[in-house]
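Structures for review follow.
In the two complexes that follow, chain A is the common piece, with chain B as its partner first and chain C second.
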Partner chain A sequence: MKRIIVILTASLTGLTILAGYFFQTQLANLTGLLIEWGILLVGLAGVIGVGYLFKMHLVRVAHWQKGSLLSLIVLVAFLVTVGIGFFLPPDSAFFRNWVLNIQIPVETSLLAILAVTMLFASLRIIRTRGWTLMSVSFLISALISLILNLHYLNPAIGTAGAEWLEFVRRLPLAGLRGILIGIALGGLIVGLRVLLGMDRPYEDES
Partner chain B sequence: MNMPELVWGVVGFLLTVMILSYLIGDNFFFRLAAYLFVGVTAGFLTVLIARQILWPYLLQPLLEGSTYQRLWVLIPLLLSLMLILSQISQLRALSRIPLAFLAGLTAALVIGGAVFGTMIPQMRAVVIGFQPAAWHTESRSSWMHTVDAVVMLIGVIGTLSYFHFGSRFKRKTDSSDLSRPRLLQALARVGEVFIGFALGALFAGIFSSALLAMIDRIVFLGGWIARWVGGG
Partner chain C sequence: MTWTEIGWVIIGLAVVLLLFFNLLFTRRDWYPVRVNPAVNAFVKQRVRALEGGKQSQVVLGNRFWSRAYPALGLHALSVSASLVKADPGAQETQVFAAGTGELSLFARQILCGTYQDGYSSALNLILTGPTPHAFMAGFLAEMGLHSPGSVGLFGHYGPMEALILEAAQMKGGHSFAAAGSISAQAALFLTTRDLLIGEEIFLLPGLMDRSPSLQAAWISEDILRVLMIALLVIAAGLTLAGVL
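Up next, the complex of A and B:
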């Protein structure tokens, strides 16, 4: 009985949202409300996740385990951010500065490290995968795309050169479209399986 | 330069050096900056969720709303309580209903997004390439449009064939002999090339962005060092 209620909850919610695509005006309020509840639950799940992170670092600090100094930094940074965020008004310049002046340098520097990592990874691809059709086309495409991204090649509009350049630029689109359609097909099948109760990710397997 | 600008500039400089120090190997300073980032981001996320989601969708209607609004909030309140209480191991089963609600909602949104947001527009874009009426809107010649449309169609079919893992059971030969149809194999080989092209272009895009970020950081560090050395 309990299982039926749970499956019905998932199916009815999903079917109502799906019906909303076809009866947009009639069901707009109901689907809007369901999506609001969904956003609320996702937000709450996020807070629970942050709570677990906090608990994990707190335990590490309390037992003075390895890496507890770094965990202490996480806890202090978290508490200071939450404290500033709740006590200062939402449009506070200090809160904005505190968050952005830490996030932006770290994120940009991590992206910079990614450039070096990607360069080495691309050179390693031949060593690990060998000279396959995909690895060769990957390298050729990456090289041509990098050259095209520099915008040095600018033939006059209407010339054969411009037409070929446009053709080469559009060539990766074919594969990307195929990949996107494949992902969509996969999403469609998984979604239908959940709505029909064939897949039940909400059930505790333990 | 005023005091706050100087302080935030120094913070940015130190964090950049700490993160970039990873290039010479994993070290304490890199981890220090990374853990600080995790703490600040988790705190920011909490404040953002509390201010943008929990307050307007749950607490405000409950505390300041009309009786009608309060009644409507009872259902999400109940779902939220079930989700929170399920963190206690004895009450774990309570999470099923809110998670089932979320799974159903997400599945429906994924189906809608996949069909109306991806499959129909992408298939339309492939088919529309064969429509001569659309060719006159661009400066390219008609034969180039035809070549483009045919290549696009072959690429899409090839890519989808590459990800097709269905196989044919051969009854006459060995019972364990499973193989894909030959046409599918040929199309999959074509698809392999197109997937390589697509991934290569994606790689180039991400690599260019990462390279720009690296240049930005180097310029930032150079600017700060020049300011200190120059005394400005």
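Up next, the complex of A and C:
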């Protein structure tokens, strides 16, 4: 019985939201309400998630396990930020500057590491993926794309050369659309399987 | 016919195909599963990691939902259910990591449902950070503490998560990715050999758990893909001929 109620609730909620796109005027109030409930639940799940995070680090520090020093830093930073956040309003210039002056340099340094990693990864792509048609085409197309985007080749507008260049520049866009269509189709099937009750990850095994 | 109506036709067709094949496959032979070397390598390396006492880390993404890729979070949860079912005895060495509260909550529900009374949340589910950057930094720190035997990325990511796979390989672990978005796939293409791209991502659960509903999803997706290709070719031809 419990199983049927769960499946029915999940399916009916999903199908109502889906129908809301088709019958926008008739179902606007109901879908609005359901979406608000959904946002509220997701927000609550986020808070519970932060609770897990806090508990995990607290347990690690309490038992002085491997990595407890890092956990201690996380806990102190978390408590200080939450503490100050309770006393100062979110638009406080001091609070915003204080958080952003830590967050932005850390995130920027991660991006810098990523840039270097990507550079080395692209240089050793043949070692990673071998001499395959895919890896060789990737290298050649990346090289052509780089050269074209340097704008050294500038044929006169309206000539065959300009049209050819435009065609080559638009090729990655075609590939991108192909991948996006594939992802959309896959996403559609995954969503429908949950809506139709064929996939029930929320359900107990018993 | 408007684009919205075309969309509804595709959705309707997908529903009909799913229901029809699900019914058909519960009674008759299943749809043959295509071999995917990347998935085979991932499954083998996971077993090797579990047998060697190393961790098999499954990362479920840094977002549950996004407007551009709405189903990636659901897909990650679906994969995690298949992975747990595939190795139910590997509770201690199979670690699931999530980057948002809701993903970790849903993943916990799946793990609790599978392990029942034997489940301990301290063992195998971690939320390393509530925002994408915090998640990544936290996960890299976790990798420093426990060398992984294999790392699998599923769900929604940005290009930054290529660092996770790079770190896994540096520590001698096997890396596998079946993850979006487009920018993430481009970055992951450079860092791992075993990568699923585009619609291949969503075929993954069917390779691990050959239930009728997953086989029905496979054949429905295949039919829709062929139909879409045919429609695009016809539309391109008609545009060239000046009809459209």
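Going forward, the second predicted complex is superposed on the first by the 188 of 206 C-alpha atoms of A that agree within 3 Å, B and C clash if a C-alpha of one lies under 4 Å from a C-alpha of the other, contacts with A are read in each partner's own complex, and residues count from 1 in each chain.
We take it that a residue touches a chain if its C-beta (ideal position, glycine included) is under 8 Å from a C-beta of that chain, and two chains touch if they have at least 3 such contacts.
Just so you know, these numbers come straight off a predicted model, no measurement behind them.
> For A:L176 in the superposed arrangement: first (chain B), second (chain C), both or neither?
Touch status of A:L176: both partners.
> Touch test for A:V194: chain B only (first), chain C only (second), both, or neither?
Both partners, chain B and chain C.
> In the superposed arrangement, which partner chain does A:L110 touch: chain B (first), chain C (second), both, or neither?
both
> If you stack the two complexes on chain A, which partner ends up touching A:K66: first (chain B), second (chain C), both, or neither?
It touches chain C, and chain B stays clear.
> Looking at the overlay, what does A:R96 touch: chain B (first), chain C (second), both, or neither?
So A:R96 meets neither chain B nor chain C here.
> Looking at chain A, does chain B or chain C touch a larger number of its residues?
B
> Now for A:T128: first (chain B), second (chain C), both, or neither, which partner does it touch?
second
> Who does A:V47 touch here: chain B (first), chain C (second), both, or neither?
So A:V47 meets both chain B and chain C here.
> From the superposed pair, tell me which chain A residues show up as contacts to chain B and also as contacts to chain C.
18, 42, 45-48, 50, 53, 70, 74, 103, 106-107, 110-111, 113-114, 118, 122, 138, 176, 178-183, 185, 187-188, 190-192, 194, 201-204
> Can you name the residues of chain C that touch chain A in the complex?
8, 10-11, 14-15, 18-19, 22, 64-65, 69-72, 74-75, 77-78, 80-81, 98, 100-106, 109-110, 112-114, 116, 121-122, 125-130, 133, 136-138, 141-142, 144-145, 159-160, 162-163, 166, 180, 182, 185, 187, 189-193, 197-203, 213, 216-217, 220-221, 224-225, 228
> Taking the touch rule as given, give the residues of chain B at its contact with chain A in the complex, in rising order.
Chain B residues touching chain A: 4, 8, 11-13, 15-16, 19-20, 22-23, 31-47, 49-54, 57-58, 72, 75-76, 79-80, 83-84, 87, 92-93, 95-119, 122-123, 125-126, 139-141, 144, 147-148, 151-152, 154-160, 162-163, 189, 191-211, 213-214, 216-217, 220.
> Within the complex, which stretch of chain A touches chain C?
By the definition above, chain A touches chain C via 18, 22, 42, 45-50, 52-53, 56, 59, 66-67, 70, 74, 103, 106-107, 110-111, 113-114, 117-118, 121-122, 125, 128-130, 138, 176, 178-183, 185-194, 196, 198-199, 201-206.
> Hey, which residues of chain A end up touching chain B in the complex?
2, 5-7, 9-18, 21, 33-48, 50, 53-54, 70-71, 73-82, 85-86, 90, 97-99, 101-116, 118-119, 122, 132-146, 149, 157-158, 163, 166-167, 170-185, 187-188, 190-192, 194-195, 200-204
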